[in-house]
């Protein structure tokens, strides 16, 4: 089978599965909080409803307000395409390495913020301000975290990195532990989960992401929501395939692919469960404690890098 | 009756004539004519030197070598342009009744006498006559400084008189000391005071006597050059005298004094062989640069400020001559030229600025570039030139000077560079509000003659872009001569 | 082509401008057109010159000017050529822009003066790039400084502008003196100012280091490295916008050129020492972070852009530092990578910063407002300017697939090669630089979200913003050119980098190895295909594709229905209720309060009930620590010293006589 | 050659006399005595150069002797006295610091100048060295006079004393400078005195006092 085609399928898989994943997460939480969770297809129904609804557009907004959702969606979709999920040698992942991945997230965020500022309400501005502020701390932290890996793998290409993590007899590498911690912290922040942001709140004082998309409706809202769900899956996949890539398919053969798909789903479920437990057991932190949280992530990453230089001379 | 005698006699006679001509307009014209004539004569002499190299006149009484000939030309040239400027300026002063026509008569006579003094000092071959000429020039300028008869003018002139009188007396003592030892070698006669004869036998002179002598000469002529700490007459004299006089004081007299000092230094170095004279000059130079740079900031009177800048530049030249390598001497000579051109040009502009705003207090001079674009631009350009920005010649000389310093005594650069920057800051912090912004109400437009300024700045610009072959040649010979220490 | 023509065409044309301006002073419209078009031609010529310099072997030219024994040496080589292209491109676009910008403004500005300063400024920059001896270099350098100073104080009626001009000229002078002494050090061993000889001579390590430090100080001062940057945010904003586009876009790049010329070319990396690169790295990191942090808190648009110049220069310096370090640990190919990254960012920054400054000029032209808080909603009134400005914002925020991202990507790649230099303290310094770089990039994105959101989106905050108008075609064209180049440089780095590689070929004797193109024309692989690859075209294409698909797929949905904005039930929503620039940057102000030391003032009418606050005025000022800890102390010290000087003046005659007397006694006593 | 011996004796004597006059001038309180001592110094100078002229029968020196005698000994003091009378300042001469310490400083200066002139080699006859030392001392002392006196007139006298001591050195150490120089210097001095005269009246007119304290313009 043509790897390009496979890669395309992977992308579609991630994009398509994203709503389901978020529903699963909701269900896990519901079980933990012994509530009745939503049906597994709920997110799809929501998306469909929103798409078919007539979108309401505030007065005096510009084309940017309309453009933003599409850009966000496109950027995230591309991100999905470049992260190897099932097959390690995804050709598209050569088109954009991990730095570009971060860049794509930044692009999406940039346009979300612009869309928010377009209406000229206080909410939009507030949301954008907070989102960009925290992003400004989260993004470098994420880069640093990934760099620790790329230093070990001597590459910034995702497939190469995963390959090294899979094959390379790494022995004991403390820096990887740092990287993992950092990336988990960042993943929570970037996907806007508790304790950083509460996806299901509309309380003015605490909103970050929600405040930005307050004015959106109809298909625009749908695209943004969908992109957000994709982001969750993306980060999950990233964590999985970077730190526990066992079982991922290295050559194109049906059983290898099936095995790797299976392992991927299992790991994903475990990760979601952990996330659900975290979210249930924690409370959202005050908005101005966030900088410390992100600063911590940043610091951890830099520590990781230093340990790499000091404790792990190149082989 | 050769050209040189003509050069000397002309200003002398003109001075005599001018002292009896009542009509000031005629006097102005005559003044300009005489000056330009002397300039032409000096050009003729320059041509001769160009052809024949060092010339001596009236058996050893006078001599011209590449070192003093260009100073002669410079002197006569600046004297000419200044006389043109002073025409417009002094006539205006007379209109507004600051000077009577009688005083104006004195002014013109003294002006010529002053030029005579300087030319004599430059061309003579005799240390004693050099001293007399310096004294003459001093006395003439003392009267010129006192021209306005105001309290401040009188006291400034008095200060100038006493300080320079004492200084120059010390210089005479130095001269006498030189004579005491040289008369043993060359016999008790004029030969014993003749540069051209002294240089070759410098090594036979008693070094310890010459050392004492140089101390006196240094302090004496140094007072005239305006070196710290003997400088305090200079700002007053510049500020209180008529502006044309400030121009020639800064542009010419200081040069002549420095010329005398450098001649003595070469002689003494020849005798003592222990570069002591050089160290003295470097020390005084550095000190003056530093102090002047710092003093610039606190000035209120525009002419005082620029006179401090003159002290700074004199310090630079003295320092550079003190280093005494070929490059350093070249730099110093070039700096001498461009500085007198630019500084006198600046003083012309300052004169017009002060007249148009009826004060020399910088706080009251505002927005010249709006009031009188010519003056404003002139002042700005002049200051930029004197601050050492290319493509003006001052930059060239400072460039060479710093290089020379780095070659020989690198640590001095650590003093010079900050001083230059501080001096620059001092100049511009005052200049900015004067040139730019909105003019004050009482300032008024008046007819000015900016031609001399533009000529001067133009030449300075030219020297910055390229130096004509013959001039460069002279500088090289002169620098060579000074660095080797004998003719 | 004839060397003389190739080298001199651009400068000579530029020199013509003031004369043309004087001749045509009668016919305002024509003069405006002619002078600017001459500039455009000069720009085109220098671009061509630059290309020839890059592609053909270096050629020299000697003019009989300057010092008697030192005629003016000119030389066109790859290094000069590259920067010549930068200058040329910006001059072209600024020239076009100026036609519109200066039209109908004859009254308020003295045109001949402006033309004179502008042409001298451009000639100065071109001359520096061509100079082949120290004297020529210094002359053109100072010509550039002075003429740009005239541009800064051009609107001299304002007190602030005069102060800025003074500060600028002072710093420029200081910097020039540093450079001068660095040249003098290089002069000493070979006794010649010609670069040819300076290249060949060997210095003792101590002198080499001194020359390096002096050069770094001098050029860093011009480039605006923290903490030598203080003049930059003062001077750039107050110049006319077309001038500040050139100053911020090109002039500070010329400083980078100077550093490369002196340190890499003349001193030569063979004499370099390890800590030099470290110094550049530290300077770069501090500027990158400090610049963007201060930019975030500015409300004057042009001032904000100026601070971003500081940041970007920092990024360039990081690249240079990396290159230097790698060259030290003799790994020339990586050094080439670092250098290419730096140069790529140089040209990128020239483009987008020029674009942004021109955009700011357009806004100023349309609304007469500099302050962000007085703008808003311009997207509806200036649609084209908005699009071009947005491109600028995306590029400077280093977002893929624009050009800013490419250069930062390359810099990161270079930084990630740090393990190559084993067991050196520097290898621990590089991660910090990388971190600073990442942080700076993210903060830049934040800052430009603020700028774009506040200026162009929402609703107008003042009358003047409300009745703004779109600027004319000339200005739009002038801005469109760099915008287009931003996109192209972002999309086709694979074709640009081979050109830039000529410079490391000249300076380091090697390029990045043929690795750039081994991935084919589609892939940018600076090191190796496995190591790292980036294909801007695919990113661009895929995004467009995804966007289009999504759009086509869902356009069958229902049409949008306009409705009033939801305002928490507040009856009437006014434009003053929008988020302001100050409030946007408040969180960061709080996070980095130790660096900002913000000074807040809340003034409300007294004796009222706290809840019933009538008209509350809130203002906040942040400090620039460089002033607090470096410049004010120096200033005060010098003031103190000058006050001491009075002592020598306030004497009677007796005092002065006594001084002379004591001098005499002292000398006699000491010498004998 | 006892004439040379005599000459040496005489010049040493006159040198000490000259030093004495300088000290006397330094010590004077009263304007009249001050000027008298000054003229005495001039006469001493004239006679000294006459003696030198006689012993080394050089006619140039006679000229300078006469010049010195008439100018310095008679004319200038007389003019000054006239001025003093006209301006009515023939009162006590106030000094900056009290007389005793002035004298003390003077004494120290003499020692100092001896110390300074020690390194001069013997190549020149040692008498010259002593003369130079004394000349130096006189120069310094007359500078001291200029510094310590308040009145303009006394400052001028100080200046002239300085001039005198230069002449003395020239005459005693080297049998006088060449004629051109002598005459030139003499005329310069004369002009200087005239200018001083002009000044006194100017100062008088503008400040109605000759006290230099009024002469200061604080910048």
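Read from first to last, the chains carry the letters A, B, C and D; within each, the first residue is number 1.
Methods note: a contact is a pair of C-beta atoms (placed from the backbone, for glycine too) under 8 Å apart; a residue touches a chain by one contact, two chains touch by 3 or more.
Note that the structure is predicted; figures quoted are calculated from it, not measured.
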Check: interface with higher C-beta contact count, A-C vs C-D, is A-C
If you average the CA atoms of chain A and of chain D, how many Å lie between those two points? 101
Cα centroid separation between chain A and chain C, in whole Å? 35
How many angstrom lie between the CA centroids of chain C and chain D, rounded to a whole number? 70
If you average the CA atoms of chain A and of chain B, how many Å lie between those two points? 78
Could you check chain C for residues that touch two or more other chains and list them? 649, 653, 657, 660, 664, 668, 672
Two or more other chains are touched by the chain D residues 116, 119, 143, 146, 155, 215-216, 219
Using the contact rule from the top, write out all pairs of chains that touch. A-C, B-C, B-D, C-D
Taking the complex as given, what residues does chain D use to touch chain B? 58, 116-117, 119-121, 123-124, 128, 132, 135-136, 139, 143, 146, 152, 155, 159, 162-163, 166, 169-170, 173-175, 177-178, 180-181, 184-185, 188, 191-192, 195, 199, 202-203, 206-207, 215-217, 219
Inside the complex, what are the residues of chain D that reach chain C? 96, 112, 115-116, 118-119, 140, 143-144, 146-148, 155, 212-213, 215-216, 218-219
Contact residues on chain C for chain B in the complex? 64-69, 135, 138-139, 142-143, 145-146, 153, 156-157, 159, 162, 165-166, 169-170, 173-174, 177-178, 180-181, 184-185, 187-188, 638-639, 641-646, 648-649, 651, 653, 656-657, 659-660, 663-664, 667-668, 671-672
Which residues, counting only chain C, touch chain D once they are in their complex? 649-650, 652-654, 657-658, 660-661, 664-665, 668-669, 672
In the complex, chain A touches chain C at residues 51-60, 62, 64, 66, 70-71, 73-75, 77-78, 81, 92, 94-97, 99-100, 103-104, 106-107, 109-110, 113-114, 117-122, 124-126, 128-130, 132-133, 135-140, 143-144, 147, 150-151, 154-157, 160, 204, 214-215, 218-219, 223, 288, 291, 298, 301-302, 305-306, 309-310, 313-314
